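As structure tokens, here come the structures.
Shared between the two complexes below is chain A, which has chain B as its partner in the first and chain C in the second.
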Partner chain A sequence: MTDDKDVLRDVWFGRIPTCFTLYQDEITEREAEPYYLLLPRISYLTLVTDKVKKHFQKVMRQEDVTEIWFEYEGTPLKWHFPIGLLFDLHASNTALPWNITVHFKNFPEKDLLHCTSKDVIEAHFMACVKEADALKHKSQVINEMQKKDHKQLWMGLQNDHYHLIPGSNLEIPANLPASPNNKFDQFWAINRKLMEYPPEDSGFRYIPFRIYQVTTERPFIQKLFRPVATNGQLNTLGDLLKEVYPAAITPEDGEKKNQVMVHGIEPMLETPVQWLSEHMSYPDNFLHISIIPQPTD
Partner chain B sequence: MSLNLDTEDDFYLEENRFKQCCAEFIKHSQQIGDGWEWKSIKDFPDGYMSKTHFQMKNGNTPSIFKDSTKENDEQTFTHVEEALDDSQASEICATSEVIRYEYHVLYSSSYQVPVLYFRACFLDGRPLTLDEIWEGVHECYRARLLEGPWDTITQQEHPLLGQPFFVLHPCRTNEFMAPVLANSQRENRNINYVTSWLSIVGPVVGLNLPLSYAKLVSEQNTKTD
Partner chain C sequence: MLHALVSPGRGWDGRTAANSLSRHEGVGGAGSVAAELCVRRAAYAWGRGSCLCRRCAAPLFLHSPAPHPASALALVDVLLKAVGDTPIMKTKKWSVERTRTIQGLVDFIKKFLKLVASEQLFIYVNQSFAPSPDQEVGTLYECFGSDGKLVLHYCKSQAWG
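Then we have the complex of A and B:
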């Protein structure tokens, strides 16, 4: 049986093979080659695409370059959503690589937040971590931490070292040494405190989660939900959906219309949400759950 | 007034109480023509309070808008565009100088407090940057913004509409609301949480509350005294 810690590593090291192509109407001085990259599921687009930016800017004039933004099949991609969430929501049942279009003009002001520096990403990430702790521990754990601990959480997301495969522009993550200095250990040294709860309780106060669907204007559903029922039983993923978004669950005699996806898999609906929260949250400590149409093949 | 008091320091605003406070607030707004409305979300029990107002870059309200607060803001917008061809256009030096401000009061279930979302744009749809919005805020409030127990204002996605708005972060709302609520308890007076809260955070982002809102609550108190 898989060790729980293996789940943490699988979540952390998840990658999505992606092909970045420059939007055809961008003005270039010569042809722009597509750029291939393995994107970390747990990170954010604007945090991991410096090389993509550099690659395309090499064939463009400075004056034609304004804020970079990404689009998939006509939909602007929200950089403030983790990459894994964006993929699960928009492209999980399509053929790999994930084809993303890169833009340097006409920033869609009505759809996307500006991301003018890494500080903006850090502020967004930390705001999510704080909100998650407000739900789990009434902010007590995050507020007791020092600034340097907060920084360590953020630093855990910074780019790992990548190796370039010779003769291509394909990059793969370097094999990380099993030493305490690697990003995963650095992050979890602090994050484990955010995953603790008093021994007299059976779990967190409320579970930090968000449920996403592409079909609605509303970006996500988020509600107060306890991990333990009044009778002491652990609430499951199925219980959560029944209470917060019953349309996502297949009726007894009905056909399965939706997939309930986290990190590219469909967890069993019997899984306790407390376990999911501890093991399958993103680094921001939220469970980001996608409801997508059941593929018909 | 029912508050959830987990400890003496915790003055949480429960969601149903939030909706009640908003209903009272909007009732008064309708009486004085202040333009606040409740907006619901299709298929969900959620909603928020919303106010739209127009201002010229120099801070004046163009007179053609003065009667418009009673109309819904969609009509007002078209009314503006038509009027600009009339002689009234002379009052508006350029369309680019009329700014449309939007304020939304939402409930945060994570922090159990209200949250203020706002944005502004010129009539041609071009959004204002945070700096441009600051230019419309009186000097004395800019100081309060820097001194206040809140983190800096950031751009965030509106949790119900999915569009970029500026937000005053809610994580320290309890800090500045606690003394207000403690006082009201000590004096055995009812207050409307949303009114008190909005009167503190609103002016910092260019939103003012006529004093009659406060009088409304004190009238309720004298009735029950």
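Then we have the complex of A and C:
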């Protein structure tokens, strides 16, 4: 279906308008202006905020600048979670832009992993891709690939070139969706192999997914779940939730308490998880699902 | 014989604690069952804020932050295998709390092997991927465990990228 390719593009090009403000207690030599940026949902905070760091470093003394970290309404933001997941989980039902506070001091060791270089992000990203393939294909597909193919997946995530709108610090992506040599094509040339499965099967061995909720103590729910039931029927998102997190499903005559969100939308619970896995996974090949309170308005 | 994952602390070192536990060993089947019950009872007790395992006087610091509910303290069996020229742990089989993170496991192995804290240690699942330091052992066990245990390879250098 041609519609399915559109879903892949919509997921890839999703952006979140964000306003970065320096934490008030950071020591500055002059006033720090906020910095506006459109963040790619599919990327990671520390991968796309070099310009943010440079912007605030300009008003700070060199010795006061240590590792950058980000916080939203008091919650440190885990850079190793994709940006779209962080937004869906913490701020999806609040007014845009997403207001993120930038810190350079008092790194919260208990909440955040250190990110000392781009290599750390690459290692984390590739580990997720490998873990996903361990679930989907017993690692057969990822292991058959050459190192250069792995590199191509990572390169697909690297910053697109951005155009600066003259007279402002607002940036928009320069790569147009129609361009044939853009990062999307580069990424999917390899990633499509990770989305294949033997013709005799109806899907992957297990679906790589993680379910997040802000209120719980556990970091996320991840379990073995087959895309096809024993009777040959495709398992749906509803089936997945029933099995691993039944509390997220609204009872028959009950009031809807939660939203089940992926990439900023609520897929119908009747959607087959195999389809979701192929079309709405993040570049790390995981379905990152947020359970958030139903907004009351 | 399955040992509890012991974090040395409050004046106890790994050796002393391990020796305390080993007092249950060599007593035959009853001894090992007693030891295992001791471990699991202590694990459960920790959830209530106190350690019951005073009989062998081994303090089982299973989790330094605030106690978790008992269900979270369920233990999973982990088999640790050395890769390359990384020192081999004398005890390879461990009972680990579900909520212990990979970082917590790394810290424990480093202490046990007397490695310097600054030395790197990589952990691999299925000899194919290195889980994130904040990953929980329980989740990895559920997804990648086999024959009732989770096999983890550890290495001082990057083995599988």
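Heads up, the rule we're going with is that the second predicted complex is superposed on the first by the 290 of 297 C-alpha atoms of A that agree within 3 Å, B and C clash if a C-alpha of one lies under 4 Å from a C-alpha of the other, contacts with A are read in each partner's own complex, and residues count from 1 in each chain.
Quick note on the criterion: a contact is a pair of C-beta atoms (placed from the backbone, for glycine too) under 8 Å apart; a residue touches a chain by one contact, two chains touch by 3 or more.
Quantities reported herein were computed from a predicted structural model and do not represent experimental measurements.
Trainee: Could you check whether chain B and chain C clash or fit when both are placed on chain A?
Mentor: clash
Trainee: State whether A:71 touches chain B only (first), chain C only (second), both chains, or neither.
Mentor: neither
Trainee: Could you say whether A:109 touches chain B, chain C, both of them, or neither, answering first, second, both or neither?
Mentor: Only chain B; A:109 stays clear of chain C.
Trainee: Is A:149 touching anything from chain B or chain C once the two structures are fitted on A? First, second, both or neither.
Mentor: Neither partner.
Trainee: So, A:266: does it touch chain B (first), chain C (second), both, or neither?
Mentor: Neither partner.
Trainee: Is A:127 touching anything from chain B or chain C once the two structures are fitted on A? First, second, both or neither.
Mentor: both
Trainee: Look at A:223 in the shared chain and tell me whether it touches chain B only, chain C only, both, or neither; answer first, second, both or neither.
Mentor: In the superposition, A:223 contacts both chain B and chain C.
Trainee: Counting only touches as set out at the top, which of chain B and chain C does A:10 meet: first, second, both, neither?
Mentor: neither
Trainee: After overlaying the two complexes on chain A, where does the chain B footprint on chain A coincide with the chain C footprint?
Mentor: Shared contact residues on chain A (touching chain B in one complex, chain C in the other): 80, 113, 123-124, 127, 130-131, 134-135, 139, 217-220, 222-224.
Trainee: Provide the residue numbers of chain B that touch chain A in the complex, in ascending order.
Mentor: That would be residues 6, 10, 41, 44, 109-111, 126-127, 154-164, 169, 171 of chain B.
Trainee: Using the touch definition from the top, list the residues of chain A that touch chain C in their complex.
Mentor: 80, 113, 123-124, 126-128, 130-131, 134-135, 139, 142-143, 147, 150, 206, 217-220, 222-224
Trainee: Sort out for me which residues of chain A touch chain B in the complex.
Mentor: 78, 80, 109-114, 120, 123-124, 127, 130-131, 134-135, 138-139, 208, 217-224
Trainee: Sort out for me which residues of chain C touch chain A in the complex.
Mentor: For chain C paired with chain A, touching residues are 68, 72, 99, 125-126, 128-134, 136, 139, 142-144, 161.
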